[in-house]
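Worksheet for the structure shown next.
Should a chain be cited, it is by its letter among A, B, C, D, E and F, assigned in written order, with residues numbered from 1 in that chain.
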Amino acid sequence: MTPTQTANILVQALPYIQRFAGKSVVVKLGGAAIDKELDRALAQDVLLLRSVGVRCVLVHGGGPQVDKMMRRVGKEPEFRDGLRVTDAETLEIVRMVLVGKINRDLVATINGETREEPVAVGVSGEDAGLLTVAPRDPALGFVGDVSQVRPSVLHRLLDEGLTPVVSTIGADEGGQPYNVNADEAARAIAVAMRAEKIVYLTAAPGLLEDKDDPSTLVPRLTAAELTGRIAGGSVHGGMIPKLRACADAVEGGVGTAHVIDGRVAHALLIELLTDAGIGTMVKKERDW
Amino acid sequence: MTPTQTANILVQALPYIQRFAGKSVVVKLGGAAIDKELDRALAQDVLLLRSVGVRCVLVHGGGPQVDKMMRRVGKEPEFRDGLRVTDAETLEIVRMVLVGKINRDLVATINGETREEPVAVGVSGEDAGLLTVAPRDPALGFVGDVSQVRPSVLHRLLDEGLTPVVSTIGADEGGQPYNVNADEAARAIAVAMRAEKIVYLTAAPGLLEDKDDPSTLVPRLTAAELTGRIAGGSVHGGMIPKLRACADAVEGGVGTAHVIDGRVAHALLIELLTDAGIGTMVKKERDW
Amino acid sequence: MTPTQTANILVQALPYIQRFAGKSVVVKLGGAAIDKELDRALAQDVLLLRSVGVRCVLVHGGGPQVDKMMRRVGKEPEFRDGLRVTDAETLEIVRMVLVGKINRDLVATINGETREEPVAVGVSGEDAGLLTVAPRDPALGFVGDVSQVRPSVLHRLLDEGLTPVVSTIGADEGGQPYNVNADEAARAIAVAMRAEKIVYLTAAPGLLEDKDDPSTLVPRLTAAELTGRIAGGSVHGGMIPKLRACADAVEGGVGTAHVIDGRVAHALLIELLTDAGIGTMVKKERDW
Amino acid sequence: MTPTQTANILVQALPYIQRFAGKSVVVKLGGAAIDKELDRALAQDVLLLRSVGVRCVLVHGGGPQVDKMMRRVGKEPEFRDGLRVTDAETLEIVRMVLVGKINRDLVATINGETREEPVAVGVSGEDAGLLTVAPRDPALGFVGDVSQVRPSVLHRLLDEGLTPVVSTIGADEGGQPYNVNADEAARAIAVAMRAEKIVYLTAAPGLLEDKDDPSTLVPRLTAAELTGRIAGGSVHGGMIPKLRACADAVEGGVGTAHVIDGRVAHALLIELLTDAGIGTMVKKERDW
Amino acid sequence: MTPTQTANILVQALPYIQRFAGKSVVVKLGGAAIDKELDRALAQDVLLLRSVGVRCVLVHGGGPQVDKMMRRVGKEPEFRDGLRVTDAETLEIVRMVLVGKINRDLVATINGETREEPVAVGVSGEDAGLLTVAPRDPALGFVGDVSQVRPSVLHRLLDEGLTPVVSTIGADEGGQPYNVNADEAARAIAVAMRAEKIVYLTAAPGLLEDKDDPSTLVPRLTAAELTGRIAGGSVHGGMIPKLRACADAVEGGVGTAHVIDGRVAHALLIELLTDAGIGTMVKKERDW
Amino acid sequence: MTPTQTANILVQALPYIQRFAGKSVVVKLGGAAIDKELDRALAQDVLLLRSVGVRCVLVHGGGPQVDKMMRRVGKEPEFRDGLRVTDAETLEIVRMVLVGKINRDLVATINGETREEPVAVGVSGEDAGLLTVAPRDPALGFVGDVSQVRPSVLHRLLDEGLTPVVSTIGADEGGQPYNVNADEAARAIAVAMRAEKIVYLTAAPGLLEDKDDPSTLVPRLTAAELTGRIAGGSVHGGMIPKLRACADAVEGGVGTAHVIDGRVAHALLIELLTDAGIGTMVKKERDW
């Protein structure tokens, strides 16, 4: 490619940059579909977006890694209605894996891509009251629902040019930690931050009419249409909580919510800075 | 006690408060001698000091807890010259235990003692380049020495009224994490922050002339005297690194360094805000 | 007392400190019941409260001292309905005694208790338009009612860590000074500052059911109950203006108003930072 | 005069305004030669200078008024080498007269001339450690020499657009007040503020070759020339301390020092904003 | 004149200075009646007003100078209903003359009168979106009406102590420049800045009952009265757009609007800082 | 191209973005080789660089356009040693063309490419004392050399996110304008701003060994080597002043100086954000 062609591509990103500069974008990263190389590409995307003034917050889960660690110490994971039954010992393992391993690996990957001062900072929902939770159901143990978000710690880090990576452990008023669903926590954070976008990186191309046929991707729909589809039973499996979170996010004031394929390198950048839409976009109103 | 007696005690703390307000104090907390109740007392001390304008940073270790976790996953801890041999798998466990468990428990304990907004925030040395390290010795694996401290992330949190709790994992320029000795890391942070004090909370009353006789406590000595005693062989065991760090700290510009008994409830408050000296104090010059 | 007991007492103040940090407290000090030693204790209280982030403003009167000075220059004090008849010469004496003597003595006492930079600053209601007044009654001469409070000069001093000591001389639009009742002026300042508390230090234990029996102290009542008692005639003498000011203060938005015994050393500290209630507290609503 | 002539006069002040905008000017006002009408003219000058960005600080004395008050309470003033012997009772009277009467009258006069918010604020050298003093001579009692100036309280007031009026009572470290010579205090304040000018308003036209012949006015001289004249015995009486203070001020870094006739209405304005020099000017170097 | 008389004149400006300090004043300068000497007087007025805290914005036209330049390059000016028909070539000449000549000359004149750093800065309505316009009428070519004002660039310059001189070229969303009527643009800027005053400097003494008899000057009238007069046909020629703009300005929230005689030296200063009214003043309500 | 390829290209710019973010870059644009389409590409480059935190200042010349305008009004351009002889009338035309036409066209082009608020602001060297000049030679008339640069107006605009476009008219202390060589002015501004880079966009590929053979481009050389070549006579024509300015710039502290081909679309972006070097780079030391 000639230098001029390269420059043209950069210039084509300009209108997108102008649109998103100064806006907040929450990126939810699942534990499932992510590997080392993809993390590096994601780190580059986040750093590039930061360079053009986008305020990115990374929120991560980590189900499979927790399962693996539990089994390693001889404990069998147990789920009820898709939610992890979390006794005190499980909570401790969840916390160690999320805060002490996955979060750390993401921070290390981002900081490894910076040339000047490292910018990534790990944050747990317990820090400075970021995620206050209420217990969901005694039968689930230490599983909580977000009851309050104090996003000031995130805003402060972003104001200083730092990039927060958030583990979704919350705490009640007494400081007791709880396990919080990461899709839900990301949505609550995006709403509290008045984010422009929330992006769910998943191991699927988005919402498919026929879940086995990628060509049936639904590129965009409204929150109401989405709720209708979920109610109608045409959405399946792990897509349900993500898409429900998308609908809730845009109802809560987030500009757009996306479910995109985290297995595609630089999927985030493609979605934000190029003409190529990717995955499924949810908006409150049909304005396209 | 009458209310007036109570008030008198509060008033007696006033000169100490006036002396330390606005100053930074680094508190190193060992993994060994600390239990839940003592942590709660320490949390109260830190919150009280914060209320009177002291800028406290907590730095913690966690050797015993790491050993326990390693054994739980079937790995035997190995040491060379008192330093943990740290292969990749060990590093991952160290990091999970320090950042994902001990740090979290301290944050939770402090936040559980606040009435208004929670103030504790967990920080790892990897965050925003807080601790940059160089590898010490290939035979030790991922064990690093602090080569640079960027304390700005701590100053910013303190400026916002937040209380940082620091895990001593560092990273090299490429983002690769390393295990760092917590006594050393605390000293490096205190020097970089131009702290007024560094306080080592240990499982001993301080430096004893006769290590089996608490009545032989050395209440204060200069860095030179301390270095002499270490060279002379009269200091033993785990006291050596702590006391050497004390000498280095005051040589590096920290006002005073203390080794005090972390098993005494509110030891930190007693040292800072009351007439009762406690443990061993190290200063650069003999000015008492 | 052991160091640990001492530390425990300090720690018991923590919840109160957390509650009042950053809040404003106006303390009215009568001219009657105060002596040198008590002033020193009060100075310590104010400095300690300042250290924990309470924004204290001292407002003082000085009737007895004015009387004494007037007689010294051969002028007999004259009162009508409890208010000092204030001709030009009397006004000059009032102003000299309040601003040039009592205020100065309080500033000196507080500054004598500081270890670092002195923090007390004398302020007269005439400064920067703090107290604008309208004349009350031609028969009283230069006696004024507060018509406007400009608290910005107080906020600015407090923002800088300084402690204002206020003499209650006001001025009209043309700069003409007036004598202002100190209980009233303190109330007006507290309301204008949106203070959390106003505390009247008096020469009595508080409101007593039987004014000769301290055991009949009324520990707390609402503004409405207080107004009822005053209307019913069961409150007597100098207590009436103070308690009326208390009722007005809480009606005007001040959190709580207190009449406490200024003859008890550290009464202010006992009221604010210990479990021991002291004197009479007035609130708008019964919420205890 | 036509409007255009009026406008021309305003415009002629422009170069002076441009020269002094943002600079500090300390004005010392003696107790002797000032009356009500002149105070009003001075207040207007100070307000006009403030309007054009000059940072004016007024410092006042008050010898005659103190004498009068002392006699009124039956105490005979006593002097030694021109300095007032100041026992505790005298100190109290000095303080009352300076802080509680003269300062207040000046504040009232200035605030009476403002149309918007009043801007004058009384300050004593005791406030916030403005003037720290050391005792001069036990035989003189509470007479102090300025050992330290903390001008921050003045800078802060000026930054807020307020105009400080300073009484020259100082305090030692323990808060004990002292009487301070006002000429000296003004000089110390001007030096500490790095003032552009210090202006002494006196009851004389300036330094006269022949003190009985106003036509022998010395319009300008250097600090060295001035010191020579004083040493040579050709300067007399009350002029000596003022002129010595002028020499010390310019040696200490103040741009120019002036002794001008305070009995001329608007003398300050004439000196600063018109072509007409007035009185005697002292500079460090001869550059005119 | 004696120095004291001079000082008295300065002091008489004080109430006006106090009234206008911190307020914005927009001054419209026509192309017609202004010559070099008058510009210098105006520059002095603007600098003096700036010195006393008035935030002056100069807006200029330049019809005659444009005509002259057009003829110089062989193009005959053409008008329709008093508006210049502006084809692309004419627009280029208008822009060169306004931005590249008249604006520059004003900036040079003001900067030539400053003693310290130059303060005048030329601004075109195209800069930073100051004047967004919509085309008025295809038959007029590039003639626009102001549809949006972004005064932030002016406020920022004023905040820094700089004095903006504005040429009234606007631009549409695509950056295409347009010729804008200067009277209208000045009005739109004054309204957007919430100015205290707008002053039109013209080649006439103001609104005259009989346009040939200066003694018939209408010194003040309300917007409604003015509108009535215009509707009634008693206002003539070039006065109509200026007076209509005055009425619109005060209806839009500007305090007062003035048409004054720009041929009188220092007319601006006379209007703002002296007792002598000059020209015609328009207010929303009759409150004089 | 696939979206992933596009994203890869964006990501490849990341290291360059990280290197230049927050740095100042001065871009000199000649009057010769630039057309409308290239200006649009340059506008996009500048906006993109601004988006990633580069502080761009555009400096322009305009010789050919001035010649054209002069001839249009019947005046023949006259040069002496390559410098335009500038009488008063010529100066007026130069100023109109540079400030009122070329500068305006560049501002319009940049503002036409923005989606949100327009960001370009025209500045002349006369504004706020940006370029103070001294006359060069009486025989040349109003031709000046830069004697002082006050870059604060540029820094302030950049701090606010605005992009200055600078015309190189300067002024002497009295406000008299002068024509300044644009290459020189750009160099002086870059040095005064401590710019990271200065880039000369010219109508040539850079410095060529053989000026007729583009394959003989000298990609990089030191200031000393460059000075040697100029002295040796191997550099020709219009390249000499540009290259001399490059040498002076890097000697004056600018990081690197570049002469690149302004006829290549997006040449600026290619130079700054891609691996492809373009044109000739000058550095102080040989460190490549």
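FYI, contacts are C-beta pairs under 8 Å (C-beta built on N, C-alpha and C of every residue); 3 or more make two chains touch, one makes a residue touch a chain.
Computed from a predicted model, the values in this text were never measured in an experiment.
Chain B and chain E have CA centres that are 67 Å apart. Chain C and chain D have Cα centroids separated by 35 Å.
Averaging Cα coordinates per chain places chain D and chain E 44 Å apart.
Within chain D, residues 113 each touch two or more of the remaining chains.
If the chains shown are joined wherever they touch, the resulting network closes on itself as one ring, and no chain has more or fewer than two partners. Order of chains round the closed ring, starting at chain A and going on to chain B, comes out as A, B, C, D, E, F.
Only residues 72-73, 92, 95-101, 103-104, 107-113, 117-124, 126-129, 150, 153, 156, 160, 162, 169, 171, 174-177 of chain C touch chain D when the two sit together in their complex.
Of all residues in chain D, only 1, 3-4, 6-15, 17-19, 21, 41, 44-45, 47-48, 51-53, 113-116, 264-266, 269-270, 273-274, 276, 278 touch chain E in the complex they form.
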